[in-house]
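What follows is chain A paired twice: with chain B in the first complex and chain C in the second.
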Partner chain A sequence: MTREIENAAGIPVVQIATIVPIMLTVGANRIVPGVAIPHPTGSPELGKAGDKATRRELLLRAFKAMETEITYQTVFE
Partner chain B sequence: MRLELHKVKVRDVQWGEKTCVKDGVLYVNKQAAINCVKEEERFAKVDLELARPGESTRIIPIKDAIEPRVKLTGKGGYYPGFSAPMGRCGDGKTFVLDGAAVLTCGPIVAFQEGFVDMSGPGAVYTPFSATQNIIMVVEPIKDLDPHQYELILREGGLKLAVWLAEQCKDAPADVVEVFEKGTVPEESAKYPQLPKVIYVCMNITQGLLHDTYVYAADIRPSLPTLLHPNEVLDGAMVSGNCVSACDKNTTWHHVHNPIVAALYARHGKELNFLGVIPTQESTVMDGKLRASQMNLSIARELGAEGVIVSEEGYGNPDTDLCLNARNFENAGIKSVVVSDEAAGTDGASQSLADATPEMTAFISTGNVNEMLEVPAMDKVIGWPETIAHLSGGAAESLREDGSMFVEMQAIIASTAEIGFNRVGCEWI
Partner chain C sequence: MKRVVHYINQFYAGIGGEDKADQTPLFKAELVGPGVGLAKELEGKAEIVGTVICGDGYYGEHTDEARAACLKMIQDAKPDLLVAGPAFNAGRYGFACGDIAATTAAELGIPTVTAMYHENPGVELYSKKTYIVPCADSARGMGKALKGIAALAGKLLSGEKLGPARLEGYIHRGIRKNFIHEKSGAERAVEMLLKKLRGEEFRTEYEMPKFNKIPPAAPVKDLKHATIALVSSGGVVPLGNPDHIRVSSAESFGKYDISALDDMTAQNYESVHGGYDRVWANEDPDVVVPLDVMRQLEKEGVYGKLHPIFYTTTGTGTAVAFAEKFGKEIGEELKNAGVDAAILTST
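Now for the complex of A and B:
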């Protein structure tokens, strides 16, 4: 889906996912590593405030990835 | 270590006054067996059913399978930490009701248990159509937390299996199998010329009812460790898994692990079998990197020259499989991996979620998405409607006449990745 959106609509897509090697294998271009498979975009074990901080940081990183010019598959650590 | 498996061949199972085995028939006192399980107060209802090979019977949904066994020496019981005192297994004498199996049946997660047909086209894909089955059909008390439900079902199955063997253990064995092997230094001194081979057994260790136990320890938060093969063949590993039915290693499978058996059979002849590394499949990337690194570290410390890696489950564990293959190959240790494939109903899709060029030797145990037509059975044990929620099933799978159209993955152990079955994929 990531590739198709980019190909068909020319919209840059950031993929947040936990298992980065799979994202590389399937051809995602902008990859932001997620937290864990059961909760890729949060840290429930850190409580409400910690969870929110994780989500905010991930989202800001995803925005930065979206704005970044790339020429090959890039992982935004 | 020297392990003797004292096997009594079970060719039939019947209800009886007294639980015993006689002339190949396992007689079970139904009420006494129910009472054994019912000691657990979190079961609201416990019933037992029997199912024999060839019968027109469907059992659904099944969580685990356990072979009835008990230690004849040492502290007794079986599965240390569960139904035996904590202590090392793999030594001494073990009594086995060979050909019998306890199956635990109850809808826990509702989507990751499986079914068994005792006859018909679905029967050939599971080993439990060929065993004499004692099925534990249970319902939990109202509002019981799923983790507790899984725990009591897991421990109840182990308890019943050990109890059955305990009642029968005075019966003379039909055959005694011996597994004997020394420590790694002892065997390496004996066979200095033979290539050293280690087996990495990957296990689902992902929490949320996806767990595997070694000596009753949930190994999700631990590091990979090393077991003597006798420990694996004698109850060190227990499944606590609610993963897709087709490629879960049931507790029954662990004690019958064909990779362990095959390496053992070649030990001292073609190779030097170093042991078994039960390892993790983590839900976080660092966990996958850590486990695969530790697998390599243990193998290198022991001087391994070759490794066999088996997967459990599919999807994200494919990355663990690739990391293992890559680490071993890059370290100069030849690796062979055993896995099933999720290649779509037409078999045309990429079969693993991940790939790596170092994975050069791959043994397939079949395509989990292969579709199968199974006819109605005269008797259904359990809850047939649960097929709608099982992986490999769908709302329309169960037809009004009782027949089903399902993926292979709904059948227990149909693509077991320790290579138990005969299903594979053809070279094209």
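Now for the complex of A and C:
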């Protein structure tokens, strides 16, 4: 889905998910590793503030990924 | 004696080459071209009662008419089985053979067999809908192709159960049959792993689909003025799942207006995804779709604007073909809406 959106729209699509090898296999180009399968963009165990801080850090990394010129699939750690 | 009808193109019928590719369908109650050799291979098992001939150009350009006319001729000859080709690596002939074989199988309920080179586009289009015997890329492989077709046709006509595709000599149709294996799955997996580690050949029991790769899109130039869309395959939908998106094996996606929403909560959104523990997502859907912080960052001016529409589906057991279809449709909409980038979250 990531790949086809990128292909059809011609825009960068950053995928945030947990299992990086799957994203590489299906052809995502800009990858941000998520926290966990059932909560990729949050850390509920850290409480409200910690959870939001996690999300903020991930999204800022996603922005950096979409602003970065790349020539092949890249994982933004 | 079992009855076989043979489908061939204008070239193998001896009518002509490219100049005669517009030949309309015709029926001959006799052996034509490769049918002579095929009849020999089928001797004692079946008899070819007629040959349907159609130009490749005509079949490709007037597919509906050609298909209907050929099917009628085949039906009138009352066959127990249809053979089409072999088509070798001829693309339009492969399409015609695959199409008429698949149509005949579906409409008349009889087995159909064709033969093609593995790179013939007809293989990808029709291998699930008919039996395709792999063959050489040109007519030099005619003898072997006819033998392969006849062997498989004989087995299909006898009503015997077919074994695995690679042993029966056809391109697998993606059908998996259950049976009891003498070794457990764990033993077989370890054996495969050891073979792999030793650099030996091994055969997987479940082939992975092949995925395409695309060159990365150009980056966002001006984040401060960029419109960013949120997309997810994490099964997060408005409470009550109004569009009935499936909990797994989704065949649809939803799009929802989030322009007035600052936060996904247990009161307005939920997860229906059948492939992960939804406890956290249902307490706070932002842990799957990061709407709350996206809004905050929008207010802070870190990026331009959050796209008012949020796209969502369930990514568990979902067919690759559907995922690609959703991607194409969502991509088109984002393009038309002038969106600059997307963040897609998956579970």
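The rule we apply is simple: the second predicted complex is superposed on the first by the 77 of 77 C-alpha atoms of A that agree within 3 Å, B and C clash if a C-alpha of one lies under 4 Å from a C-alpha of the other, contacts with A are read in each partner's own complex, and residues count from 1 in each chain.
Here is the rule we use: a contact is a pair of C-beta atoms (placed from the backbone, for glycine too) under 8 Å apart; a residue touches a chain by one contact, two chains touch by 3 or more.
Every value quoted in this text rests on a predicted model; they were computed, and no experiment measured them.
S.K.: After the superposition on A, what does A:R56 contact: first (chain B), second (chain C), both or neither?
M.R.: second
S.K.: Return first, second, both or neither, reflecting whether A:T41 touches chain B, chain C, both chains, or no partner chain.
M.R.: second
S.K.: In the overlaid three-chain picture, which partner chain does A:P21 touch, first (chain B) or second (chain C), both, or neither?
M.R.: In the superposed model, A:P21 contacts chain B only, not chain C.
S.K.: Have a look at where A:P33 lands relative to chain B and chain C in the superposition and call it first, second, both or neither.
M.R.: Touch status of A:P33: first partner only.
S.K.: Please tell me which partner, chain B or chain C, touches more residues of chain A.
M.R.: C
S.K.: With both complexes superposed on chain A, which partner does A:N7 reach: first (chain B), second (chain C), both or neither?
M.R.: A:N7 contacts chain C only, not chain B.
S.K.: Touch check for A:Q73: first (chain B), second (chain C), both, or neither?
M.R.: In the superposition, A:Q73 touches chain C alone.
S.K.: Would you tell me the residues on chain A in contact with chain B in one complex that are also in contact with chain C in the other?
M.R.: 18, 25, 35, 37-38
S.K.: Give every residue of chain C touching chain A within the complex, in rising order.
M.R.: These residues of chain C touch chain A: 208, 211-221, 223, 226, 228, 231, 233-234, 276-281, 283-284, 286-290, 292-294, 296-297, 302-303, 313, 315, 323-332, 334-335, 339-347.
S.K.: Taking the complex as given, what residues does chain A use to touch chain C?
M.R.: Listed in rising order, the residues are 1-18, 23, 25-30, 34-35, 37-42, 44, 51-52, 55-56, 58-60, 62-63, 66-74.
S.K.: Taking the complex as given, what residues does chain A use to touch chain B?
M.R.: Residues 18-22, 25, 33, 35-38.
S.K.: Give the list of chain B residues in touch with chain A in this complex.
M.R.: Residues of chain B touching chain A: 206-208, 283-285, 288, 316, 318-319, 322-323, 353-356.
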